[in-house]
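Single-structure report; data block below.
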Amino acid sequence: MWQFFHKLGSPKWFYGIATRFMPWLLASGLLLLVAGIVWGLAFAPKDYLQGNSYRIIFIHVPAAFLAQSIYIMMAFSAVVTLVWRMKLADVFVKAVAPVGLVFTFLSLFTGAVWGKPTWGTWWVWDARLTSMLILLFLYGGVIALDRAINDEKSAARAVAVLVLVGVVNIPIIKYSVDWWNTLHQPATFKLTEKPSMAVEMWVPLVLAILGLYLLFGWLACLRMKTEILIREQRTRWVRDLVLAGGK
Amino acid sequence: MPEPLLQAVSLECERDSRLLFQNLSFSILPGTVTRVEGPNGSGKTTLLRILAGLNDAWSGELHWCGKPREQNRESYLRNMLYLGHRPGIKPLLTPLENLRALMAGRRPVSDEVLLQALAGTGLSGFEHVACRNLSAGQQRRVALARLLIADEPLWLLDEVFTAIDAAGVEAIEALLQQRAAEGGAVIVTTHHDLQLPGMKFITLGAGENDEC
Amino acid sequence: MAFDSFSAFLVMEGHGPYVWVCYGVFVLLLAGMMFWSFRTHQDIYQICKRGYEQQSKVGQPKPKAPATFTRVEVSQD
Amino acid sequence: MNADVQLSLKAEDAAIGPVRAMIAVFARDVRVAFRQRQDLLNPLLFFTMVVTLFPLGVSPEVAFLKQSGAGILWVAALLSVLLSLDHLFRHDFDDGTLEQLMLQPQPLFLLVLAKTMAHWMLTGLPLVLLTPVLGLMLHLDGNSVATLCLTLLIGTPVLSLVGAIGAALTLGLRSAGVLLSLLIIPLYIPVLIFGTGTVAAAAEGSPVAGYLALMGAFLFLALTLAPFAAAAALRISLSNS
């Protein structure tokens, strides 16, 4: 177990594994995502309340799922960084934080555009949108702090502390925003009760979510490989690998 | 031969992706003065900060009295005195208040002792003047006054002679030598040409890092 | 197919612009991010490669010249 | 020149306990602050000026001010605390006293807690004391002002404690001030929401004990967790300097 853990932390081992898995991640991710989107856009039935605008859900929900789970993954990595000082954990946080930011932005953007035809407004200070906006700030802070510190190791550990402080705060923020929202709920924008989704609707949604997760896996592997190249460029194995023409 | 106070085994430190030193091993015995030497940027200050426990970005082993240092951090801190580049003196406080604050977390010391120490560094008459009105050398002397009352067996002194006049330098040299004779261990970095009988060296940045 | 014709698919009963803008931005950002990450990886890889090739050509880097603090002559015309 | 004499190592019993060390740190910070009184006034002036901007910039109508007063005062207090946080560790870092603080044979998080409490007493507490005056200027009624002061009294220590983490993380960085705000403002949102929410509930005549208890829980959480995080962040920042 312990040996496996150490192996997992070795950049060289990861680099090899990632290179082997990446084509599969990319192919299956694209396939599932395209299948989910095409099915959702063209074949899924119309929602009887919201009409066709609900079709945004097939990208909105996957983006929102990823935005949140990337932060959780970063928090686990942060623990590993602080406790075991594993190199790969630092690399992961640094590599995926911008991806998380983009997905958070996407979920906010699609949510806003979805809101216009559905509730007649681009933005509501609704609990979910507001806490997503705060998540965007948290990602921004993580990236800004990482950029501001020159030394890689210090940056990784400082970012790890920040991510953990953020993750302790997320439930508190979520709870307080929910509470605040019930206090200020503007009656006109009351969310309609979600009817249970038809099978033809949730199957493509699940496909799109799975596809986006796989694509995220590909992106994470690629960006981590780049970061490993930068950090380990003076080691023998990177030199041998690059001179031998391996990707 | 007495047991080494501090023992370093294959220390390695990388800073801003530049390797400062690797495979650095040495032992610090009680009753010795050790000088860390090397050109600018060779990592003297970083080494001292690592030994003090201020810098965590290193690998290797550090043993304090035969036990891993990280496991008895508090005992280590209690027995180690570090004076850095920055003197640790609040410009708004007087020398006496500064010394009091510096000793506060360590052990109880009476004001008389502190005043004596200040007098010993040539600061009598300045005890109640805010430190920002003192010269750079005088401010350093406030920090150095701690050496006159310190009972910690290990001293880590980074650039002790900065801004100190010739007479002061001589007095400090004598102090270090006396300290070694008492059985204390001192590690210094300095660009001043410090020569003491029986002094040990740790050389950085010369390519090879030998044991000493 | 949930729509009668291709044009109906595009219009989506008036919701077309919203849906298509969303999908457009989504695809643009996702593809952009993937492409950008890929390009960065290639660039870094090439930089490493060039560095290694140069190193093996030149051999060991020359030792640094010691600092002499001689003044640099500057012609002042 | 190995001496025959061996210095004995210091045992624990001769030492000073953590509580006395904390008191010393607190006393030193207060003393330093009172040597430079202008710095103590600055957050208060800033607080007053930000509050002044709202009647001038939005509307001086009594109805508006009555409704928004609590929110304005909370936001202004939050910004004042944020502004003062940059100094929490910076001066100590620059003159080297922070290094010596970290090398004291004491648990670092307790010393950080002492420093943070000193910071609160020198910035947060004066803000609370100034609030009734500004509350009157914003036409808040007595009940609201009392509740507002109470929420600020519980809330400002949380701001100082959470802010200490950000101050420690950004220590020694370029443009630390802006970065500090970016990192910390999202974490301040819960306190802000409950602070103003409590006052709103009080204005409606609903019982506020539950809300105050919840804010107390925030304070407790911040007291127990924030010093650890700030101490860890300080170790990282100093390690990098």
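Order of writing sets the labels: A, B, C and D. Residues in every chain begin at 1.
In this text, contacts are C-beta pairs under 8 Å (C-beta built on N, C-alpha and C of every residue); 3 or more make two chains touch, one makes a residue touch a chain.
In this text the structure is predicted, and so the values were computed from the model without any measurement.
More inter-chain C-beta contacts link the pair B-D than the other of B-D and A-C. Distance between chain centres (mean CA atoms), subunit C to subunit D: 42 Å.
Centre-to-centre spacing of subunit B and subunit D amounts to 34 Å, using the average Cα coordinate of each chain.
In whole angstrom, the spacing between the mean C-alpha positions of subunit A and subunit C is 20. Chain centres here are Cα averages; for subunit B and subunit C they lie 48 Å apart. For subunit A, the set of residues touching two or more other chains reads 150-151, 154. The set of subunit D residues touching two or more other chains comprises 236, 239-240.
Counting partner chains per residue, subunit C has no residue touching two or more of them. Listed by label, the pairs of touching chains are A-B, A-C, A-D, B-D. Interface of subunit B with subunit D (complex): residues 1-2, 29-32, 52-57, 65, 74-75, 77-80, 82, 84-93, 97, 100-102, 104-108, 130, 151-153, 180-184, 197-198. Partner subunit B is touched in their complex by these residues of subunit D: 1-7, 9-10, 12, 14-16, 20-21, 24-25, 28, 31-32, 35-36, 91, 94-97, 99-106, 111, 235-236, 238-240. Taken together, the subunit D residues at the contact with subunit A in this complex read 162, 165, 169-170, 173-175, 179, 182-183, 185-187, 189-190, 193-194, 197, 200, 218, 225, 229, 232-233, 236-237, 239-240. On subunit C, the positions that touch subunit A within their shared complex are 1-3, 9, 12-16, 18-19, 21-23, 25-26, 29-30, 33-34, 37-38, 40-41, 44-45, 48-49, 51-53, 56. Residues 150-154, 231, 234 of subunit A are the ones touching subunit B in the complex.
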